[in-house]
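What follows is a pair of complexes built around chain A, which joins chain B in one and chain C in the other.
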Partner chain A sequence: MLNYIVRRVLYAIPILIGVNLITFTLFFVVNSPDDMARMQLGIKRVTPEAITKWKQERGYDKPLMFNDTEEGYAQFTHTIFFEKSAAMFAFRFGRADDGRDIAHEIKTRMVPSLAIALPVFLLGLGVYIVFALIMVFFRATYVDFWGVVLCVALMSISGLFYIIGGQFLISKLWHLVPISGYGSGPDAAKFLVLPVIIGVVSGAGASIRWYRTIFLEEMGKDYVRTARAKGLPESIVLFRHVLRNAMIPILTGAVVVIPLLFLGSFIAESFFGIPGLGSYTIDAINSQDFAVVRAMVFLGSLLYIVGLLLTDISYTLVDPRIRLE
Partner chain B sequence: MSFKPVILWTDALVYLLVAVIIVFAWYVRRNEHLRAPWRRVIRSASGMVSLTVLIFFIAVGLLDTVHLRPAVEKSNSANGERIYSVDVLSLFDLIAGPLRTRVEKTYSAPFAAYLYARETVELPDGKQVREFPRLEFGGAHLQDPETQLVADVVRRAGAGGGVGLLLWGVVVASLTTVLARRDGKNFLPALFNIWRGTTEVPWKAICGMLALILLLLGAALALCGYYHIFGTDKVGQDVFYQSLKSIRTGLVIGTLATLMMLPFALFLGIMAGYFRGWVDDVIQYLYTTLSSIPSVLLIAATVLMIQVYIETRTELFDTIAARADLRLLFLCIILGVTSWTGLCRLLRGETLKLREMEYIQAAQAFGVSHWRIVSRHILPNVMHIVLISTVMDFSGLVLAEAVLSYVGVGVDPSTISFGTMINAARLEMAREPMVWWALLAAFGFMFALVLSANLFADAVQNAFDPRVKILPAKAGILPHRRRREESKGKSVSSTVEDSF
Partner chain C sequence: MKLQCRERLNRSRSLPAGVRRRLGAMVLRERRDPDSSIPFAMSLQRQVLSKAVSQAGCDKIVYLLRHTDWGLRLSVCPSRASVKNRSPSYLANNACARGFIRRSLKFLLASLVALICGCSGNSWNNPYPASDAEKNILYSAFAERPKHLDPVQSYSSNEILLTAQIYEPPLQYHYLKRPYTLIPSAAAKLPVAQYFDKKEMRLHEGADAAQIAYTIYEISIKPGIRYQPHAAFARNEQGDLLYHDLTPKDLSDIYKLSDFRHTGFRELTADDYVFQIKRLAHPKLHSPIFGLMSDYIVGLKEYSMTLQTAVVAQFKGQGGDAYLDLNSYPLEGVETVDRYTYRIKIKGKYPQFMYWLAMPFFAPIPWEADRFYSQKGLAEKNITLDWYPVGTGPYMLTENDPNRAMILEKNPNFHGEAYPSEGMPEDLQAGLLVDAGKPMPFIDKVISTRDKESIPRWNKFLQGYYDASGIGSDSFDQAVQLTGQGEATVTEAMKEQGIRLETAVATSTNYMGFNMLDPVVGGVSKREREAARKLRQAISIAVDYEEYISIFANGRGVPAHGPIPPGIAGHRDGEEGINPLIYDWVNGRAQRKPIKAARALLAEAGYPNGMDAKTGAPLVLYFDVTARGVDDKSSLDWMRKQFQKLNIQLVVRSTDYNRFQDKIRKGNAQIFEWGWNADYPDPENFLFLLHGPQQKVGNEGENAANYSEPEYNQLFDQMKNMENSAERNKIIDRMVNILRHDAPWLWGYHPKDYALYHAWYGNVKANRLSHNNIKYFRIDAGLREQKRREWNEPVLWPIVGGLIVLVMSLVPALVVYRGRERGTGIRGKEPKLADQGSRGGIA
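Right, the complex of A and B next:
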């Protein structure tokens, strides 16, 4: 087990290097720092001095990969690649355009992101499984049929509609909760209710349908027939036998996203004005703050890889048949 | 009127796609084993109803794809050379001419005769009052909108709907005649067959949907010449026109992104599965790396960079449309490049399975070249996966466009799309009374498009996925009342619909 985990962690290193190279190519090779400076300072009236100053402020005034004005190791370390890309492995993300330290921002913004993403995840998982089980219990009846129809309809609605519609109906029309904002401590609850509900509803269609399929597939297995042949009531078959076995594929899908919860949900956070990582990223995209976007790409893929590792480990915990070698 | 045809990049690719589909359809028609699953699609009522809706969307989208630059009326160059307008119009723009050109001052509600905002108006006697002025075009033919408006709308809608239904009657009658002639029956029995729903193709459902579409279309067409049926937006443009224009953007993104992804996914996926060894390792590393970057972030980063590229090289494009189009194309490419990993993984797995089959081993023993084995034996046997994932991805991509445009990494702001419509209308939520029509129109059209795409995708999946066919038999172990319903809506898919 430990052997396996160590090997997986080692395997993650080349992938992270790959991610790093991709972001480096995207941000510094496709467009030279000069291009980016011109873009940010305005296309037309921009002086070479302004570009040089812009690059100096951000530390972009160095060669990309190889610095031949320096000696020894400095030939490699005093380059954009080393200072901007390779440094991310040490979680040195540098500074955003407004001068703040990105690593510190990420740390403080993680909490609000989690405060909205974690309830959505847990509540969603519970609600979806319950609804999927109900549909499976009433399978091949009108309940099931219209349930599937409803799921397809829910899937076809844009996520933006849920947010805008929810804000309008609950906050503006009924004045139940504030439209947007965020508070600390217990105060936060009233700001979080609406985003969480909307988060659960907007994922409902696809997830319930997907879980229903998993349950139905499980229902066709031999052990279910055996359980029924023993005379067990349908509810016990469903909740004790089928549910437990169906948890394996459900967990695979769910555990992968757990680390990504830190990133929060981009759209909801910016609509509800929650100061999390999602709205941070969107603000950075809108103000073209490349350093922040770069940092978030790296962080996102790091978390995804952690998620994959967790999935593999959780397999062994829920399914005794799987041995990791 | 003289004009100069313009083929933008996405137009060319759409034409290519249409050509590919026609060749594919012709090929399928000639091969019985390929026709069999399609026949199952044709028998599915939900699939055919959604296809009917989709055809109307596709028709609008195709009309909007044929671009041209009309000549400027008065040519003032000496040598008789024509000067062409810098506005790139499409065939659809020409048809919908009045909708495009009849621009109000600012917002106006659906079917309104008055502007949304008060304006200072000078009365004939020189006094100035703040009031809601009449619209320049919407309901301009009415003497006294307050009393006449409702009656006029109902009358025109009724007339338009009536014409629509009449057209529907003609279509149904000719359809019945064709069916009757094919089966060697009389007209009435054939009509009766359709009514009872005993035809192989679910004509009854299709005709029902067609009636609804033609009724709504007739009413909308009759009204849109006199009113802004979905209101106008901030700069006074007709929202109905914008919604129709958005269809093309949605369709282009939904189809071209997949078209861009297919070469990567097919080539790399089959290579990895077929050759195994180090080729497999490299390709697996490639797609693990790419898929480990959250897709929104990768798309955002790439679009940001393309934006810088386009902005710093404005001299490359002669019209705004060409620039916006290039950005749309890049968005499709980016969506394709970031989403090929899922299909690639599926194809690799399937190829790994296939290459152990006896017929491929036999081919290898006969010394058939790798290229021939892949193209003759493997490629046709993975095509169903490609087809299923293509139709499944479509709706997700249409939805993704709206989200990306909101984030600011979607289409060019000058391109009319559902995303840009929603983005513009969102800011007006706080107004009192609320400006809701643009939002609702965009969401409504998007819902119709995505829902029909989803239902059609389900029908295709049910027909092509070999696993689906096994399921109804297995699930039917327990005798139940309605077994027919059970095979519906069962999809075995792990596609992440919308990962944002």
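Right, the complex of A and C next:
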């Protein structure tokens, strides 16, 4: 297994370089270093000298990817792309364009992101699986039929609608929880209730249908018939045997997103005033802060790769027939 | 075992008869059908059943906590198979474990309710701690996080809202007087400009500007002003600065400024003002006004080069982290006279410099703070002057989390200031002079929470959790209605909540510019320029900004007749203020000229009916705008329609803001939209936007229209150095008339600010130029708390209703579930085996 993990880690390097390259190209197609300087220095009274100085200080005065004033390797290394990307692989994210330390920001913002994403993930997973199993238990009855109809309806509604609707009903009309905000420690609970409920409900339609499909497929297998023939109650068949055998597809979808939970949610964090990483990324995109955008994309792709690796490892835990070689 | 159980049960006389009967029935049933694995449930009060279990000692009773509302539903599951091989101790442990789970669940529920309720009757949806109720706190919101709080860099309106409360520049604007009037802030009195000629001979006040070689402003500050408590000033018993030689070990448990245990303070001196002016030229700081100030402050440009050289030398010698001590480098144009007095030497005459002295760029910075923050390791922890300001103002920043909240608290060392005793006549009636002479600030704490989206912001304002709010277009109809006289007022719903509306015309202008370098709208030869002028005038008549304001700005604006907005010297109201080329004065009001006047001008320009007289081709013009969403489509369609009145085809060229700026800089745009907010209340601050030497193309100035008219330029040079006077006004009138005639801008409109305030928010007077206003505000925290409770009583029926619906929908499901569990494998109505297989795999 160790060999397998090492091999996968090595595969990750060219992937990360590729992701970096694409991010870099896309960013600089839209923005030039001059645009970035202007955005940071403000709109009023910005002199060309100030722009030049800003670029020099942050290393944006070099060519983007190829430096024809240099010779040899320096043609590639004395470029914005190389200088900005190389440090990333050592996890030195540097400073945002406004001078603040990105690593510090990531560390402090990770907790609020997780405070929403983790409960949504765990609660959601539990609720979706239970509901899917109930629908499977009542398959081909009105419960199943209306359950599917409800799921399709839930899937068809925009995520933004859940947020605005939830805030309107639960916070504005019924005054049950604050509309938005964030607190530290136990004070955070009252702010998290609404985003967590909305997070679970907004993902319910698609997830319950997905798990229902997985479980229904398992229900047709021989071991289920054998279990029934033994006289096991249906609840035992479903929750003990079917659930256990359906773990592979469940893990495929679930484990891969676990590392990404750190990155938070773009829209929910903005609407609920959660100072997480999703909100940080959106702010960086709006203010054309390439240093932050690059760091977040790098982190996102790294965590995704970690998620895929964890998924593979988790297979071996739930299915003893699988060996990673 | 079962009999013993029953006997014990029977002996437990204290149990209610019903309980004993049901438990007895359960045991008897087991005796009759020992192999049955069918569970059956009993609904009992938890305490009663626990008592029954303990008294009966029945080790077969395994109970577990099921879904619960406020009562508990317990199931008794005497499955023989599950218990027959289990020891009594196992069952007892299991019972304990379940008891633990039950207790934990109960605790969690109680905690949740307690948390939501805030433990003390606080409204459930109150985002603030219950302990803050009725405290003298101002609550506000911000959408965009401030980038810079260092006064040398900060220039955005969202940043100055914070820095203006913390830093004290020498001057400030009078809160109530209009037109805007400068008064001393930290200065003891208003400085008087002293003029000198080339031979350093003092000139009289009215001396000709051409004679004046330089001006000296000597500023005396009030003695006894002290800085806020700050770690940079902390000293040990020997009097040495405590935190000026920090090691990595010292910083190991420091994460924010408040982690430094000791603080200190000292008196404000003139040196601190000098130090800050030197910082304008610091090569590592990017002051947006350095370019402008280096044209005026004697020696500032050279000083920047000196510092740059010093930085390079230091970098070679000591590396990039070396501290550049500005005290070691004197600045020619700025000097300290004594402990409380300093002088600034300005090239020539620049009366507007006084206004700059009211901005945080000229606030004091103590060298200790600069030295403290420059230490290695602090910047990595975001402990910088840009993040944690140090000032002498009424407030100090105690929490800086721009992702969540910024908290200002009263500066305990504030020198004190009295609320103004004079104002405008209407201020007395508005109750703005009730606090005259009372010491400020009135508010103890300001909590500004980050709410990026307008919907939550607006709703929290309506719930009383923010004390004031702007009005978005989404909520405009909900908040504002127009009276029969066309006056804006709050709606009945707002009135019922005691919310009031304050309006004020902003000191800014939104205009549509013509690029004068463009051959069609600007012209090249003299004849072409004349034709283009008529074309611009025709368009100015055709584009009906009154309609635009009404449709797209909800009436929040005043059509502009020139570049100078109301409230700034040079602006004229009434008939004398109208643009006679675009408007007629009819029945006491300005009326836009009829479209036929525009068509006539267009024909004179060589485009009769929108066709080029020479080629017969339709006239096509290009409108450059920044990328817009679908919401703006209607306004762009409206704009096309305005040009269509003259049969001119308007092509909208939409692009992102960067490309747009690039086009403007290179002069590639033809017609564009832009705006300007006043830095200070002087017409020079608007008229310079059309000054030839300030043009964008070639000079990178602020004249985006690239307009250059020799007479105007000459008048501008003359006007900018003059004090406000009748003569100056005459020149301004002439300049405005030249602009109206040449129409380099389509004058657009001056936006009107609408803001809503709750009834408990007092002493509010709109003031667009002065930002240090929080010290004047007053909050009635008792009234606020009372209203918050009234408006935010939790509505519980949805929770109860939801639970009932859930339980009711579970009942039929449970019935079916039990039916299936009890049913035999093969039943008459059940599908046959062959069907069961197919029952599985269908999605």
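Please note the rule applied: the second predicted complex is superposed on the first by the 285 of 325 C-alpha atoms of A that agree within 3 Å, B and C clash if a C-alpha of one lies under 4 Å from a C-alpha of the other, contacts with A are read in each partner's own complex, and residues count from 1 in each chain.
Just so it is clear, a residue touches a chain if its C-beta (ideal position, glycine included) is under 8 Å from a C-beta of that chain, and two chains touch if they have at least 3 such contacts.
Just so you know, these numbers come straight off a predicted model, no measurement behind them.
When the two complexes are overlaid on their common chain A, residue A:164 makes contact with chain B and with chain C alike.
Residue contacts after overlaying the shared chain place A:18 against chain B, while chain C stays out of touching range.
Legend: residue contacts after superposition of the two complexes on their common chain; A:140 is shown touching both chain B and chain C. Once chain A of one complex is fitted onto chain A of the other, the partner contacts of A:293 are limited to chain B, with no touch recorded for chain C. Of the two partner chains placed by the overlay, chain B and chain C both lie in contact with A:38. Contacts of A:279 after superposition on the shared chain: chain C is touched, whereas chain B is not.
Legend: residue contacts after superposition of the two complexes on their common chain; A:104 is shown touching chain C, with no touch to chain B. Of the two partner chains, chain B is the only one touched by A:152; chain C is not. Once the two complexes are laid over each other on the shared chain, residue contacts for A:210 go to chain B alone; chain C is not touched. Across the superposed pair, chain B and chain C both touch chain A at residues 30-31, 35, 38-39, 139-141, 164, 167-168, 172, 213, 216-217, 219-220, 225, 228, 288. Residues 30-32, 35, 38-42, 44-50, 53-54, 57, 98-101, 104-105, 108-109, 134, 137-141, 143, 164, 167-169, 171-183, 186-187, 189-191, 193, 212-213, 216-221, 224-225, 228-229, 231, 233-235, 270-273, 275, 279-280, 283, 287-288 of chain A touch chain C in their complex.
Interface residues of chain C, counted against chain A in their complex, comprise 111-112, 115-116, 118, 123-127, 129, 145, 147-148, 155-156, 283-284, 286, 288-292, 379-382, 384, 386-387, 401, 403-404, 449-453, 455-456, 459-460, 462-463, 465, 656, 658, 661-662, 679, 700, 702, 792-795, 798-799, 813, 816-817, 820-821, 825, 836-843.
Remark: chain A residues 14-15, 18-19, 22-23, 26-27, 30-31, 35-36, 38-39, 43, 139-142, 144-145, 148-149, 151-153, 155-161, 164, 167-168, 172, 205-206, 209-210, 213, 216-217, 219-220, 225, 228, 253, 260, 263, 265-267, 281-282, 285-286, 288, 290, 293-294, 296-297, 300-301, 304-305, 308 touch chain B in the complex.
Interface residues of chain B facing chain A in the complex, by the touch rule stated above, are 285-286, 288-290, 292-294, 296-298, 300-302, 304-305, 307-309, 311-312, 314, 395, 399, 402-403, 406-409, 418, 422, 426, 429, 434, 439, 443, 446-447, 450-451, 454-455, 458, 471, 474-475, 477-478, 480-483, 485-486, 488-494, 497-498, 500.
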